[in-house]
Every structure is written in structure tokens, then in C-alpha cells.
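The following pair of complexes shares a single chain, chain A, combined with chain B in the former and chain C in the latter.
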Partner chain A sequence: MAGVEGTLVSEQREIRIEVPVLARVEGEGALELTASEGRIETLRLRIFEPPRYFEKFLEGREPQEVLDVVARICGICPVAYQMTAVQALEQAFGMRASPYVTQLRRLMYCGEWLQSHALHIHLLALPDFLGFENGIAMAGKHPGAVRRGLRLQRLGNDLIRLFGGRSVHPVGMRVGGFHRAPDAERAAAVLEELKSVLPDAEALVAFTASLDLPDDEQDFVSVALRNENEYAMYSGRIVSDHGLDLPVEDYLERFQESHVAHSTALYAHLDGKPYLVGPLARLNLNHDRLSPPVKSALEATGLRLPSRNMFHSVIARAVEIHEVVLEAIRLLEAYRPEDPAHVPMTPRAGVGCGATEAPRGLLWHRYQVDAAGKVLTAQIVPPTAQNQARIEDDLKCSLEAFGLHNDDDALRLRGEMVVRNYDPCISCATHFLKVRVERR
Partner chain B sequence: MPVQGYNQTDALERLNERENSRPRIAVHKFSSCDGCQLAFINAGEALLDLAQQVDIVHFAEAGPMDPEAAVDIAFVEGSISTPDEALRIGQVRANSRFLVSLGACATSGGLQALRNFNADGARGWTSATYAQPEFIDSLDTATPVAEHVRVDLELWGCPVNARQVFQAIRQLLFGVAPVVDRDKLCVECKRQQHVCVLVAKGEPCMGPVTHTGCGALCPAFGRDCYACFGPAENPNTAALARRFEGLGLLPEAVARRFHFINSHAPAFRTEWLAWKERS
Partner chain C sequence: MSEGEGKQGVPWRIIGIGSPVAGDDLGWLAIDWLRNAGFDRDAELLTLDRPGPALIDYLQPDSWVILIDAMDAGLPAGSVRELALDGINVRASAPSSHDLGLAEALALARALGGLPRHLYVVGIQMGADGADGAGQEWRREACSALTTRVRGMMQVPVAVGTEAIS
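Now for the complex of A and B:
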């Protein structure tokens, strides 16, 4: 090493880069690493999101209150939290949602994937790959791309609104179904709009695959739900690419949550090791379940699966946008309003678990309830907590491969790009990055 | 609640005395779910139009980063729940001509204010949730911004919506005091001609004491309002609570209706404490 960095290494000086918040990530975190002779010795991603004690204030709450509380864990993915909690409560009560309700829930969930992925690709990730500070700055030069993203995102929100009145903290869900089925005319209007954006959704797959993405192969374990009949989103068994296959009730037998001193997020491990959840893990495990048009669009890109390059996550999100737009069209074409859109709730004492695929990955809930259905204890494992250990592993590999001779600002930008691949929602676990490098 | 004797006109004058015609705005996040910031991000084209009319100098989630910049209008999302946040809100106030609290957490403490007044205190909850509680730096309470610094405009809602936020910005751009309708939700619900869920279905609807603004979403879905927009002006919470008891709710259940999204708002807190005593 030569120049400034070489001097720093030989003098064993400590370098600090202070960036108070990491932009374009939903939370707040900092990265600390110590390096010696081009290798990273220790690396810690510190999470600053203040604790909000959700699991504690769920105690003593009725089922409807639970659905209204869990939505507020994350403003970006409230539907995921409601979908997971409602299934856990229904399991505890020994209830089964009707096929009609299950289809409608899947349709509503398509809306959340669509809005969240469209926001991530266009406003959060694309500026990295096209060389802009942020999406607002990018809109001047690439108005078409930004407007396409905003339109897809708005449609996702419209779909959620059909079922919940608003896209952030929707009000329509209840144990047993929905408070009211969407109005047929409004559903038909959303269907027409979805049909009109289908070409955009399909083109997005090729567009993301044409981006100049870094080549960064790594070894990791992918974990996702798998469903026999569909691309898993609302339900399935928990599987990995290393042979794991278990029902959601058995999650704690193989997955452990632990608290590390440098974070307010809990870290989850599979058999003691880091693992990946989210769009790329899902695509790796479930690409055979994609609908035929999406398979063709994916094949045309030449992307080989399973992929070991986390930068392919942006393509995975585009593929999933294409899939959910098609799926939402299919479900809306078959849609007929029913009244009531729910079965009566039959509470009883017990324990129930639920798992769904939030836009950011596997989300798992467990509730112990009393005879009236009120919560005695609650446990929630969000996707970002599950990715935390994997993100640290990835940063270690990526930054070493990138080269520690790069200056701290370059390391920070690269680190942020790596972390953004996971689209971490730091409110639910962990927003962003101060870098502190100690070179010895 | 704004401090007694506080005059919004002074803040408005300071805002209107700015030298640049394009206002500089910032969106700051404290303890929250990020859902209120989405009122900007979900606005789509309106956000791009806004970026033509103002300089967005700090908005971490959307990208622009300059947390310590002096601005004309600061929007604050989230409640104050850590020692660091208590310091940071002071800096935000010092750097802003006009400060808007955005949503329930910033305006009333929000859902996480449920930690306030709990018997174990936040510390008890920390030990129950985290294996290494000594590393969690959290205050015992989650409190509204106005308990720490002067707030010039309160926007209620969990979450706030784009209409509220853009209406307030539009009025501020014109240099006039934003008008916020603090009437009861019932008025909007009647205007939309929904069947009353309290009278017709006997549901414990919070509409009669709740701040309007959501669009009467819950009654539109046939369910009872859960007061996510906080208390309306002059809410008769005591009469409504007695009505709930008349519907058959136990005192504990009546208490929970007020001890929810906006539990730290004085009108709701008083009613909660009164019914908690009886349960």
C-alpha cells in the first residue's frame, strides 16, 4: 500500500468516519471495523433504532387490537405484520380462514410487495447503480424511470387501500377475514390500471438485469417459505437450500434469537449460523413456482439460479414485481364481493404461530392467548433481525474484496450499497451508517 | 398541546421573514415506524412537484442528508424516547424557523408511550425483552415533541396522510397560518352517510371524541373507530366512557379504549386512569 493509507497503517492511527444516519435505508446504524494488512479482524453493524417494546404492550390486548398494534411496528410493511399475526391468532383459536378470504389476503399482500419493491428499486437502490446521491436528484435526469417506479408504487398502495382504507396501517383486517369486502367497481378500476402497467412490470426485469451490478459471489444459506401451489408469500413451510424443511410451528427448534451488546435488534441464527431471507433467498428457492410469463422474462436475462451475488437482489425484486402484478390481475379477474367477508371469531386458550414472506423476508410470530383470546405472551421475529448476522458476514467479504486500501469515504459508500441490498427496515430492527475503521 | 400563551403568529412571521423565496425543509425521524414520512414518499408526482418548489435538504429515507442544516420548515416524526433524542430535538428546534410535529408519535408520544406509567417502568420491560439490558439506552418514557421544545403546528394521525401534510405546506408557502379542523370524527362520518356503528351495532366507537382527518375509514368498513387521530377539541370522554359501560364493557375494557395509540394525550390519559382505578 502506498500514499496516505500506507502512512496510516504504518503509524497505527485510528480513522473515524462519522456519518450520522445512513441515507435511503428505512432505521439507523453504524459500521465499526478493525483491519490489519488488508484483512478485516472484527466487524460490527451497530443498530441505533430505539427500543419500542411492542411485544410487551401486546400483552393483555384483544385480537383486533393486536392487528392494529403490529401494523405499527413498520410503516413500510404493516400488511406483512397483520397477515402474520392474523394467521397465528387463527391457529391459536383453531380457526381456518375460508379459501375466499385466503385469496383476498394474498391479493392484498401483492399490493404491499408491489409498493415496497417499487419504492426500493427506484428511489432507494437505483441511485447507487446510476450514480446519483438520491432518487429526487435522479428524477431530473431519469424522469421516466422515477415516474415508472412511482406509478407501480402507487398501484401497490391502491391495492392495499381496497382492503384497508389506507396503505399505511390499514384498518380492514380482522380475525376470520375482512371487515368488509372491496367494492366491485373500485376493484375493477384497480384491475384496469394493473393491466396497463403490466408491460412496465415485465420491462423492469430486463432493465434491472441490464444494470452494471458488482460481481460479488459469496457463500450463504437461503431460507424462505415454500408453497406447493404458488410462489410463497402468504403461507408455506420453512425451507433452506441446505435441506431444512419444517412447519412454521417448529421454527424455534432450529432458529435461535440472541441479543448482542452493540445492537437493539436481536440476531437470529439457523443452527448457530447466519442465513439469508428476502427476495434473493426466495427466488433461489422458489423460482420453479413463478408463473410462465415471469419465468420467460427471467430466462431472457440469462441470470443463473441459484445466485450467490447479493447485488442480484434488485433483479429478484423486479421479478417479484412482475409476479405480483400478474397474480393480482388473476385474483382480481376472479373477484366477487361477498357479505360478510369473514367468519365469526371463536376464541379459546392456546398457542398459535404464523409465518409469511414480508417484502424483506420471512416474518414469524407466536402468541400465547387466554380463553377470551387476549394475549398472554408475544414473540415476533422480523426479517431484518434474521438478516443481521448475514449482513455482517457480507460486509466483511465485500469490503475485503473491494479493497481496504480505499479511503474511508469509498468504504462507507460501498458498505451502504451492500447493506441496501437487504433493504433493511431499521424501524423493525435496525436506517443507517456511520463507519469507524481502525487500521492496524 | 402547544405551550400556554404561545403565539403561532410569531413563528409564522419568522418563517415569512426568510430571505430565500424557496423554503428549505427537513424531515427528521425520532422513535417511530417511518409511516408518517410515507405521506411524502407515497405522494408520488406531488413529491416531485414539491421538490421543484422547495429545497428538501434533509430527508434520510428519501436520500438527502444534512441533519444539522438550518431550515425554514422542519417536520418531525417520532417521539422522544432516548437521551440522545432529547438532545437532538433541541438542535432541530434551534435550526428551524417553523417546526411541525408529524403524526401521533411526535404529537402525543404515540403507541410507544404505552411504556409510560407501566408498573415495571421501561427498565423492567428492557430486561424482559433483551438479554443484555445494560446495553439498551432508553428513557423511562416516550413523550411528544412539545414536552421538549416549542411546536408551531401539530398534525395528528397514525399515520398522517398526504392531504393533511400537503395542505399545511401549501398554506405555509402562501405565508398564512395553516387551518387544522379539530372537530369530532362523527361529523365527517355523518357527512359520508355511514350507518352509526355505535348506535346501530353497539360497537365501542371512539368517533365522538376523536380528531377528524382520516376520512372516517373504520366506520366505512363497518367497524368502530380506535382513535388513531387522537382527541378532538373539547372531547366529552367521560360521557362516552359511561356509554361504553352501558354497552356492557368492563371497566378494564373501557380503560383500554383510551389507553392505545394516543395514550399520553391528556384527555385520553385522564379517562384511562379513571377507569383503570375501577378495574
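Now for the complex of A and C:
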């Protein structure tokens, strides 16, 4: 990490650390903790990035504008925002996407998981576990790993581009389907590339499981979508490992958003308690839905599920990469272009909800629309906002288990590693990390 | 990927980087201008929409590459500057999931041993566009200056890491 500044006031037995920015995490924020007699008394994950007001921007917008606007919430997971919004709008309009469109959306979504997970594993997480400051420093010693990550990431972007016209802020989606289905020749070219990286994707599962990951068991609640027929990504019911099972539209009955003084992003709780969304939560809840080859690769690692160790998130991401490469191959082998690739939009007044699994976890949208389909009110609950309270709980447990006797640099590094397990996108949540430690 | 042949029989690749919209389109505009000026006879002209690390795919060690990107250097709108690679690498920060830009991609390519044999990076200072057509003039002047600069680069290749020419 660059730019560490520190002051030591030993006379008062107080140490303060200022780290200008948390490396390898998107956004700006700070971590403050106070410790006494080896125990953390207070810990706050301060998020001070200004609110971005996307929900307000959406009011008065037409349906297609909504898909263009929500894509701008995030440069890494625009597909997740578009998929969730389009589901909610279609529900409000009483429309149901065709099985053909649903399969194409799942295929496009595979691309987003692939590119996001590949980048996180190889450039953001691996340096922690291989002992490098960042991915650039790691590249000289482990060029093969970095090149593998770049190749997988590029292929994920290719898949998004195939359906979205471009990989950043794609423009191919519309209410009812897609503006057009891609040519069979272009789809076939991506299919061949996917087949060529399948061995890499499979090997990545064993590679991540072989890393020397910290042993840090904790108690937490996992929440994810669950689909009866597939590893949940595009659709499903919201479930937890503590008995929760509800349809997407009932989300607000059990989940509450609230403000806290130290964060400009809303916190979310399930029945008043923190919970986890994201790859490890999904794997804990849905590993029985993995395809047989992925199950075999996972079983070969010896990883016991459900896992209570957040550091297993890197393995979960690798498992999901293997899954989406296989799934994209399966879907592309069955792909045939249709024209048109959508059904006509039939706006009407109403309320619609949508939920999908963004790379970082459950993403939930709700729109109230008028008779022309224009948005009256919008509510968006992104994964990082849902994970904020869990990250704070995790940091308390992890840093105490790590030992507060460690020096400030070691504590800061461990704290950053813990946070990176969540791959938080504070831009989405609205943004993050200065670390300030006071010992009394 | 097709490659154009340079005047000395060298494969040149000129890449405009950025978003095609929202004021970050100067790399795209430059490629259009170069194509209209006939540079596609002597070079492969490409535009890449915010490629991030995928830029590395276009930076093979045996290639000859000119990268053109919009920059915010506090200069008058439309100013054209060749950027020193060493300076760019200094500014490269640890990449985050959402912020792996040109500097980080070049630093990563260098760490992987993949920088082209001859590589130039050209920045065009961004500026405001008015609703009444203001902004068109500085854009034209920038593209004209860029064309002269690129033509010179294609005639006199220099080694990677050269000092900036401004």
C-alpha cells in the first residue's frame, strides 16, 4: 500500500494510523477501531463517499432509460443492474420473458461473473495470499497466474459484448428481451474460446484451494437466491441457512434498510441482524445445484460446506468461474439466433420487484411505475450495502482472533484482507479505507 | 486481427482508447480523423472502449503501437502531448476492481514482459463542449496536431521509455 502515514503518541499509550486508501477495493472509506485490554470496544466501517442518488435520478424515466441509467451504477457489474431492473419492470408490466430470452440473459450474466471473479481472484485477492503488495508486483513472479486471470476476464467481457454490444455499460438489453440476437458465427467464436479455457477454469478450483488461507471460523447467516433447477444467478427465491424462504417481492417484509451515522450507504439487516451475501453464501446454500464436473472438482479439494471461513470466498469464486464457463458452453452450444429477440413491451401502472445474484451477491430492485411505464419510485439494494454490517462483525472477530498485540501495519493488512474477501464495491453501495486504531 | 504495414515495412497499430460518449471520446475521434487522413494504408487503426487489462492483448512485444487517450492534465482543451512511459508507470497505482486504467494496464504489461518494442502514448486534453457547437474548433485543432505528431512517430521510431516530447 502506498502513502501510509503514521503518528505515534506513545506517552498517551494511543496509536493512530492513517491509511489514505484501502488498496484493491473499489471506493473510499475508513476503518476506525478502539481497543482496550486486547478487546475491540468499537469498530466502525466509515463510508463517507457522497450518496449518488440513482434512485432519485430514475424517477420520471422511461423503461429503456432505466436500463441505461442503472448500468452506470457500476462499471464491473452493469449486467447485474440491468438484469434486475428488467425483471422488476417486466413484473410491473405483467410481462414474462420467454424461455429463450431467459436463457440468453443467463448466458450474458455468466460473462459478468466470469470477468468480475477472474479479476478479483488474480489481481486483488491473490497478492494477499502469495505475499505481494498488488497484482502488478505479483505479475513478475507469477506471470502465468496473472495471464490466466486476464484471459478469463477478457473472455467474460467477450460474452457480455456478444449480447450487450460492449462490455462496459452494455446496450443490448430491453424490456421483453434483447434488441437483437447475436450472429451465430460470433457466438460460435466465443464458444470455441470458452472451450479452450475450460481446463484453466477447472484447475483454478484446485489452485485456490491449495492456497495457505487463514483459518478463521465465524458464525454468520448466509443469504442467496435459490433456484430449483440451476445454480441460482438470474432468478430464484430468497433463502438463508436459518430457514428463510420467501419470494423476491416479499424482501422488505424481512429485510430492513437503515442509516447509521458513520456511513453514507444504507445498512441492511435480516430480522435486525447482519447477514452475508456473495459467492460464499451462494456456495453454502446452493452447492447441490452445481453441475457434476464442478461438484467433482470441488469435492477433490476436500472443502467442507457450508464453510464458516470467509477466506474461503476465493475458492467460492473459483468454483463459480468453473460453473459459469461450463454453463456458458452448454447454453452457447444450444444457441440459435431468433428475430426478433424480444416480445413487445406492454406498459401498465403497477409495482414490480426483481432480484438476481450480482457477482458480489444478492441485488434487489423495486419500481413503482405509471400507466406509460415511467418510474414513480425506485428502490435499489446492492450487495455491498447488505454486507456492510457483516463486514464490521467479521473485522471484530478476525482482528481479535489475529491478535491486537500485532503492530498496526499487521493489523491494517489483516483488516484489509478481511474486507477484500467481500470484494466490496463502495461505488455501488455508495463507496471506502482509512484505518484509525486507538489502543487504551 | 489484421495488421497494417508501416512505411518501413513495420506493422504499426494505432489505438484510440476511451468511451465513445460522454467527453471521453477523444481517442475515438482521433482514430476517425487518422482514417480519413489515409493512415489506414500504413497502420492498423483500432478503437477500444475502456479496455482495462484487455489492452495488454494489443501490446505484443514485437508490435509497434501508438496509444491515444483523453487526458486531464490541466492544459488548454485540445492540447496534444506525448506522455513519457516512465512517468505513466510512476502514477500507476495498485489496481482496484473498477480502476484498472491505462497506467495500470501498461505497468502490468511491463511486469509481464509484454510492452511493445516501440510504444508511444499520446494524450489529448479534454475540454468542455457547448450546446452551440463550441468545442468543435479545439477538437479539430487537436486532431490536426495529432496527425502531424503521429506521422512523425511513424517515421522515427524510438526506444521504449523515451522522454516526453511536448
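Here, the second predicted complex is superposed on the first by the 424 of 440 C-alpha atoms of A that agree within 3 Å, B and C clash if a C-alpha of one lies under 4 Å from a C-alpha of the other, contacts with A are read in each partner's own complex, and residues count from 1 in each chain.
The working rule: contacts are C-beta pairs under 8 Å (C-beta built on N, C-alpha and C of every residue); 3 or more make two chains touch, one makes a residue touch a chain.
Worth saying up front: this structure is predicted, and the values here are computed from it rather than measured.
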(request) Report clash or fit for the pair chain B and chain C bound to chain A in the combined superposed model. (result) clash
(request) Have a look at where A:Asp423 lands relative to chain B and chain C in the superposition and call it first, second, both or neither. (result) second
(request) Scan A:Lys195 for contacts with chain B and chain C and give back first, second, both or neither. (result) neither
(request) Quick one: classify A:Asp68 as touching chain B (first), chain C (second), both or neither. (result) first
(message) Quick check on the superposed pair: does A:Tyr53 touch chain B, chain C, both, or neither? Answer first, second, both or neither.
(response) first
(request) Could you say whether A:His120 touches chain B, chain C, both of them, or neither, answering first, second, both or neither? (result) second
(request) Identify the partner contact of A:His179: answer first if only chain B is touched, second if only chain C is, both if each is, neither if none is. (result) first
(message) Once chain A of both complexes is superposed, is A:Pro78 in touch with chain B (first), chain C (second), both, or neither?
(response) first
(request) Mind working out whether A:Arg96 is in touch with chain B, chain C, both or neither, as first, second, both or neither? (result) neither
(request) Share the list of chain A residues that count as touching for chain B in one structure and for chain C in the other. (result) 23-26, 74-76, 119, 123-124, 133-137, 139, 146-147, 150, 153-154, 157, 166-168, 425, 427
(message) Show me the residue ranges of chain A that touch chain B in the complex, using the header's touch definition.
(response) 19-26, 28, 50-53, 55-57, 60-62, 64-65, 68-69, 72-76, 78, 115, 119, 123-124, 127, 133-137, 139, 146-147, 150-151, 153-154, 157, 165-169, 171-172, 174, 179-180, 258-262, 264, 266, 425, 427, 431-432
(message) Touching residues of chain A toward chain C in the complex: what are they?
(response) 1-2, 23-26, 74-76, 116, 119-120, 123-124, 133-137, 139-140, 143, 146-147, 150, 153-154, 157, 166-168, 423, 425, 427
(request) Can you check the complex and tell me which residues of chain B touch chain A? (result) 29-38, 41-42, 44-45, 47-48, 51, 56, 60-65, 67, 81-82, 85, 111-112, 114-115, 118, 122, 125-126, 128-132, 135-136, 138, 142, 158-159, 161, 214-215, 217-218, 220-223, 226, 228, 256, 260-261
(request) Spell out the residues on chain C that touch chain A in their complex, using ranges where they run on. (result) 19, 49-50, 52-54, 56-57, 92-100, 104, 107-108, 111-113
